[in-house]
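These are the structures in question, set out in turn.
Both complexes shown next keep chain A, but they swap its partner, so chain B is in the first and chain C is in the second.
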Partner chain A sequence: MSAPAAPSSTAAPVPAPAAPPVETMTVMVNGKTVQVPKTLPDWQGKPAPTTMLQAAKIAGVDIPHYCYHDKLPIAGNCRMCLVEFGTPMMGPDRKPVLNEDGTPKISRSVLPYEPGTPRGAIACATPISPGMEIYADSKATQQMRESVLESLLINHPLDCTICDQAGECKLQEYSVQHGKADSQFVETKVHKPKAVDLGPRIVLDDERCILCTRCIRFTRDIAGDDALGIVNRGSYNTISAFEPGKFDNNYTLNTVDLCPVGALTSKDFRFKMRVWFLKETKSLCTSCGTGCNITIGSREGVIHRYEPRENDAVNGPWMCDSGRLNYRWVGRADRLKQVLRTSADGTLQPISWNAAIESAALILTQAPQGSVAFVVSARQTNEELFLLKKLATHTGALTDAVPREGEPDRLLVSEDRNPNSNGVRLIGMAFTEFGFNLTKIAEGIAQGRIKTLVVFGEDVTQVGIGPELLTKLDALIVSDILPNATTAAASLLLPGAAHAEKRGTFVNIKGRLQKFQKAVEAPGEARPEWEFLHELVHSLTGHNGYRTIEGLFNQMATEVPAFAGLQWAQVGDTGVTVQI
Partner chain B sequence: MSFSVPASLEAELDELTTHYPVQRSASLMFLHALQEHFGYISKDAVEWTARKLGLQPINVYELVTFYPMFRQEPLGKTHIKVCRTLSCSLAGSAELRERFCTRLGLDPHAHASQTTPDGQFTVEFVECLASCGTAPVVLVNEDLHHKVGTAEADAILKQGQKA
Partner chain C sequence: MPEPFKLILKNLDEPGFTPDIGCYQRHGGYEALKRALAMPARDLPDGKKLSPQEALREDVKASGLRGRGGAGFSAGLKWSFVDRRSGKPIYLICNADESEPGTFKDRQILHKDPHQLIEGMILSCWANDVKLAYIYIRGEMPVAAKLLNQALKEARAAGFLGKNILGTGYDLEIHVHRGAGAYICGEETGLIESLEGKRAYPRIKPPYFPAVLGLYMCPTIVNNVETLCHVKHIVLMGPTEYAKLGTPNNTGTRIVSLSGDVQKPGYYEIQVGRVTLGELIFDPNFGGGLKPGRTLKAIIPGGSSSKVLKAGEVFKLNRKGADGQMTKVDVSLLDLPYDFDSLQQAGTMSGSSAVIVLDDSRSMVQTLGNLSEFYAHESCGQCTPCREGALWLSKATHRLCNGEGRKADADYLTHIAQNIQGRTICAFGEAAAWPVLSFVKKFRDEFEAQGAADEAAQAKSPGTSSPKSSDPHSAAGSLQTH
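So, the complex of A and B:
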């Protein structure tokens, strides 16, 4: 048996083989000729014949749709993407019939038994053919859209004013763009179950549902939990789980994102905030090493929701429920908000940031080489770790990070529950296995060799450096976000900022370097760690660094080999891959 | 009481499954057989079918709710099916059903099939029973009653009380 070819970091980069030429086809969309590939990736990434909808997209024409989603199997049930089209006419000799001016004659699609009536095709599931013409805004197409919308709205309640989806509802948007102003429907609407408890995190309003089956396909084909289906029939069709309230896999909230209308809503978010008031900030989920891209929805300094942000290199359009709902700690009332130092009488007293930086610089300057240790968190950003590494190198300190592990799953959740373990490794604050030095640090403190401990973002009392050891230290410099046994024992406490309150970068488990932006302000005196670390490094080493995150990142890229050549601006919204 | 399918029935169904290229295709036959045996299709029966055919319960449940012939509740001992299609409707089947319902203390305005609390009667509307010439017709269990008037209706109820 031969060993699998392992990617070697020492081998010279092999030029990638030239991609095979893409076979293309010429079609016309709204009178504009476009060359499109014959095949495009389907929802699983396998090549599939290019559809009319995809061709139109390449031509810059958006065809309205509900049930179609590029990452789900095609169902073709909502009929919203119906378009009129034409194909080149063929003569009996199988040669194209030409107009007088030499252009191919196009036969428009019509009903076979009623040749005067245009016949639409669903753009999401109809493959293109050479010379096809797609009339995405012809009169016939518009009429088809109007009719489809009219029938979708027959039983839809007009409760947009109290509906959470309002503002991001496809039914609302398309009704404005393509619908009729008035309804011709005079009968009584069908009433279906309201506020159905579908699962622990999801509420279903069956009257709003348009039965597109996106949620069913997602949970069956992506989440691998075939839990939802359509029960009853005809006008009484409803989405349902077999056991009421038991739709509870760790990906259920993606169905809320997928739902094109307000049928599925999140129990966590519903009735909390109108979506148009939310400020959207590009950020990252910090709950595990996968580093799912998210959009933080916040208003007036309060975070209201996380939503996945599409990044095919990392999470696609999905994220897990546990990560999505893990945001409340950012706004907790007991956040650390004050800079504190132990005074002569042993009590913690508030001091200014300047005094705190001076104090920390003094402690680290006076500490003999080898008497300092650093325990950092793999929840810190690369920039912060880079500055901490400078401090550690300057003081000849022993360093380590704290491992954090959990059960992985088959889709997104990683075994590594730290968002930036690879950042810690690449910057050199810990070995491949975290926790290797923690016992040495504990021993060092116990034997009195280590007199100064710097802790960033971790509770060391949980990892073998107990409160009794901490009392042996001369100085315990701690920065954290929330209080714990270590922050309680600190001699100098520097309140830090959550990821949503600062900018920075993480490297995920697969080596994707990604940046995140600031959504809300840190509470009280709390500051982004990189800001005060930068001042501390300056006070200690005299090296003047950059005062902006961009400059700091670019400086780090020149000093950390794995990030060589990178620029902040170049990292983009979806990140870049680095060698891990 | 726990749900259990007799070994003979299970063997019969296992054999039946082999007739289909895809196991899932046997779902309807399973449901018919289980309803025949138990009188209705319980949640346990849905789960049992799903387990036997390598499906998720929701896949089977969709079928059960789609077909009106599958019942999710036990029936009364006397099952009264009143035809409501055109001829019977013109001949007064609505009044007939109302009479059954009011006599039995059931809601005459409810649409769905209803069973009396004592489990003696089930009354429901059904589509054409293929005897338009003798409208209105009522199918009581397996017996078709023709030209049912008030007297015949009361006789049906009286008969049912004895059952």
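So, the complex of A and C:
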């Protein structure tokens, strides 16, 4: 993965070895003197000479740009970041020439063949030098920006009204800041291909494209797929896929995020929703153990898209297509929405949550020690697993989780397709190898030793505990989100919430503990599992005090050694690293 | 009376001179190579020793040789920038992508005297510890590519190339790489990208200076065909004698490609600065004058991208007086010495030394239409100002050419061109902008008259055509085929 894996903070901060003092350089940005490091990480995280753009950022000045992206190789092609600058004048003795007041004399950059005209340098690729002055707001800089923007707009279709990028478009944004109200362009525009089917998930509008090549660089240098390129020449330059329609690697949708304009759009999202109506919620992808940070875009309880949220300790700014598009199930019509219990006649009947909790508490209280088993899911949050562990300990139950594996890739997709396997391990619901106890549980049921089975978020019929075994049980307490063979056999069914419908934490495959927030409401009677599990634990053990997710997490941190010392608030938006 | 001076062109147009190695050697070919490779280390006054390779590098610097490709940069200085401590191999590339409109000098060498180039290259490679070199040749010169490959084969067979050259232990291989027909491949970093098998997008500088991060991210020297040929003559003549050719700071000879409205268009080798623009056009040894009954209108002095000079212009030039003091002297267009510095002081450049002469039969509007169409076609499209600006300029000039101009178009063209120059990745931005800026500045009356006439015609019969109706490019679609 390209993103440096260095965590920004750790759970138990080890005193870092005294870092060598950072070598700095003094430059001036818009009249303000700043000390900046001589080198900063480049797109691969290797130290590289600090650029004017980075120095300006440190000084709190944002220099507009299209092609530059801190996680992609520098192209320098859009020219939007051109800035006027000056450097200390050197005398023939190679010493700085001073003004009368003793300050160094600055020579402003000018065109070598036209000394009256300022010459800009691209801030994204030009290294700073000692004493350099960057004029990010000067008249000349503004004029350069205006002219670049004018060039970008003359052949642009200006179809913002029907463009999916509207509202999050850098062309619009910079037009507000640097554009002109009317155009002096009186020629015919260049016409290029529209609605090009680049691949299964991507549509390209070449007329909107500003040819910044972010998509090409990402696909070639990050995804490792030389699938995109430019054909034709000059103003007729056109982004194209090597094989039309075959731009199909598992990272193509990142190019839609990277595209600063509306050229690349997602087939899944295009024409679905104006982006300014979307509520943004910080969350995590649950499709594998990497735990990519995401932003959920939802409106009125409906999820419309996932986008990667930058976290250099985990996913950088990227995520895979399969994870990104794995959200539809949250809104499926057949979601479990009712609390159900088997009635005397054997049919499932709706009951209240209170009755269900009472019923579950009764079953677990009456069950003899050793007659209960728990099969939990590594898709459950730490907080839920922590409460389930309390129940399991109280009943002396055998516990396990269900492994879920797939083919890994070289970028983000993990072999472990559960989002919280390490949470399961750290809380002690399963051993390093999941599934070790599943056989024992199956044997226990077959031999009549185990009479009560608690299943959270898994279909145990798929892992060796078939429907015929389930009929041998006295009680089958099941919580899940979608119906399956296990939920069908439940004697008590507790509808749970998808991650997007609740708050909680996961620990990823590298030991990054990360939290996620609630984007939408759970349907019907479905509730976040930690809420009703807390009630059940309270009924069973009398333990209380976890009415909020914050309180529950902080309590868990005092009891689970790996989380020792952590506070919910301290976890932040990008998580902390714990010992795994 | 000024005369051509044949140094590079000495043999190639002689009757019976053929491009094969036998003929070349009968004319003294590869003697410079033999001499250089047999040179001992050179003792310096301070007791230090210069290796023979270092000595040749110093000689090239001392000769004052300036690049003959267009920029006129000191060849010796360029060589001195090469990063020799990186531990990476050093490459040398001969830029034989001659494609600046009006320029046809390198092709003479490539077609008629390929061994002269190869000898110059071997010497330059040896001087710079280069083991692998390339000749990047314009795609439109298939015959020359064939001849070069044949010449390389002959040189290899004769022991001038390959392993252990002339028994000295020095190894060198040279490959010919053909371009695919794009002007931008002549830009040295675009050329390097193309040679690497990529689209010829010029690289950003910093950080990709060829002397440090060139071909395959290794130190690389890129020199023009003619420049490399001169190295052979510097070896033969010695730097001091060579520097006596031409004028101070503008040493040696240059091949001028003379075209346009003259009696005798062609290529003429001159001592740099010893012949004036007027002599190039009017002297019987060169252009032989204008066509009968015509008067001079303008000169494009250094390839189509150089700024145009107007007949009758007078320039202020720095001249060193007898007392050694610099004084400003008025020099008229026809008295301009044809060299690097005088043309630069006249606000233009000698570029690729292609002189295009325009007489009074030429419309400057139509001429600019031709030039700007070329630059719109050849813009690689990598960076915004040139990609969008070059075609914009072409469309605007074509409106003027097609009777759809406006009086305001003179300012309009200037505005567009000013937003290109100095803002692009490579010098193509200047190449596209300079013709426009200079044409409009110096022949503004012609552009305004054309625009005013078009507006008057429009006013008489409004609605017959709108300014937007002409797009010479999109209609034909010809540009999209490359």
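Throughout what follows, the second predicted complex is superposed on the first by the 564 of 580 C-alpha atoms of A that agree within 3 Å, B and C clash if a C-alpha of one lies under 4 Å from a C-alpha of the other, contacts with A are read in each partner's own complex, and residues count from 1 in each chain.
Simple rule for what comes next: contacts are C-beta pairs under 8 Å (C-beta built on N, C-alpha and C of every residue); 3 or more make two chains touch, one makes a residue touch a chain.
Since this is a predicted model, take the numbers as computed values, not measurements.
Chemist: With the two complexes superposed on chain A, say which partner A:359 touches: chain B (first), chain C (second), both, or neither.
Modeler: After superposition on chain A, A:359 lies in contact with neither partner.
Chemist: In the superposed arrangement, does A:233 touch chain B (first), chain C (second), both or neither?
Modeler: Both partners.
Chemist: So, A:241: does it touch chain B (first), chain C (second), both, or neither?
Modeler: So A:241 only meets chain B here.
Chemist: Looking at chain A, does chain C or chain B touch more of its residues?
Modeler: When the residues of chain A touched by each partner are counted, C comes out ahead.
Chemist: Between chain B (first) and chain C (second), which does A:30 come into contact with in this model arrangement: first, second, both, or neither?
Modeler: Neither partner.
Chemist: So in the superposed three-chain picture, is A:155 touching just chain B, just chain C, both, or none of them (first/second/both/neither)?
Modeler: Second partner only, chain C.
Chemist: Just to be sure I read the superposition right, which of the two partners does A:142 touch: chain B = first, chain C = second, or both, or neither?
Modeler: In the superposed model, A:142 contacts neither chain B nor chain C.
Chemist: Is A:117 in contact with chain B, with chain C, with both, or with neither (first, second, both, neither)?
Modeler: In the superposed model, A:117 contacts chain C only, not chain B.
Chemist: Show me the chain A residues, by the header's touch rule, that chain B contacts in one structure and chain C contacts in the other.
Modeler: 229-230, 232-233
Chemist: Which of the residues in chain C come into contact with chain A in the complex?
Modeler: 182, 199, 201, 204, 206-207, 376-392, 395-396, 399, 406, 412, 415, 419, 421-425, 430, 467-471, 473-474, 479-480, 482
Chemist: Which chain B residues qualify as touching chain A in the complex?
Modeler: Against chain A, the touching part of chain B is residues 43, 46, 56-59, 61-62, 65-66.
Chemist: Under the definition above, what is the set of chain A residues touching chain C in their complex?
Modeler: That would be residues 74-80, 82, 111, 113-114, 117, 119-120, 122, 125-127, 144, 147-148, 150-152, 154-155, 184-188, 190-191, 210-211, 229-230, 232-237 of chain A.
Chemist: Across the complex, what residues on chain A touch chain B?
Modeler: Residues in contact with chain B: 226-233, 240-243.
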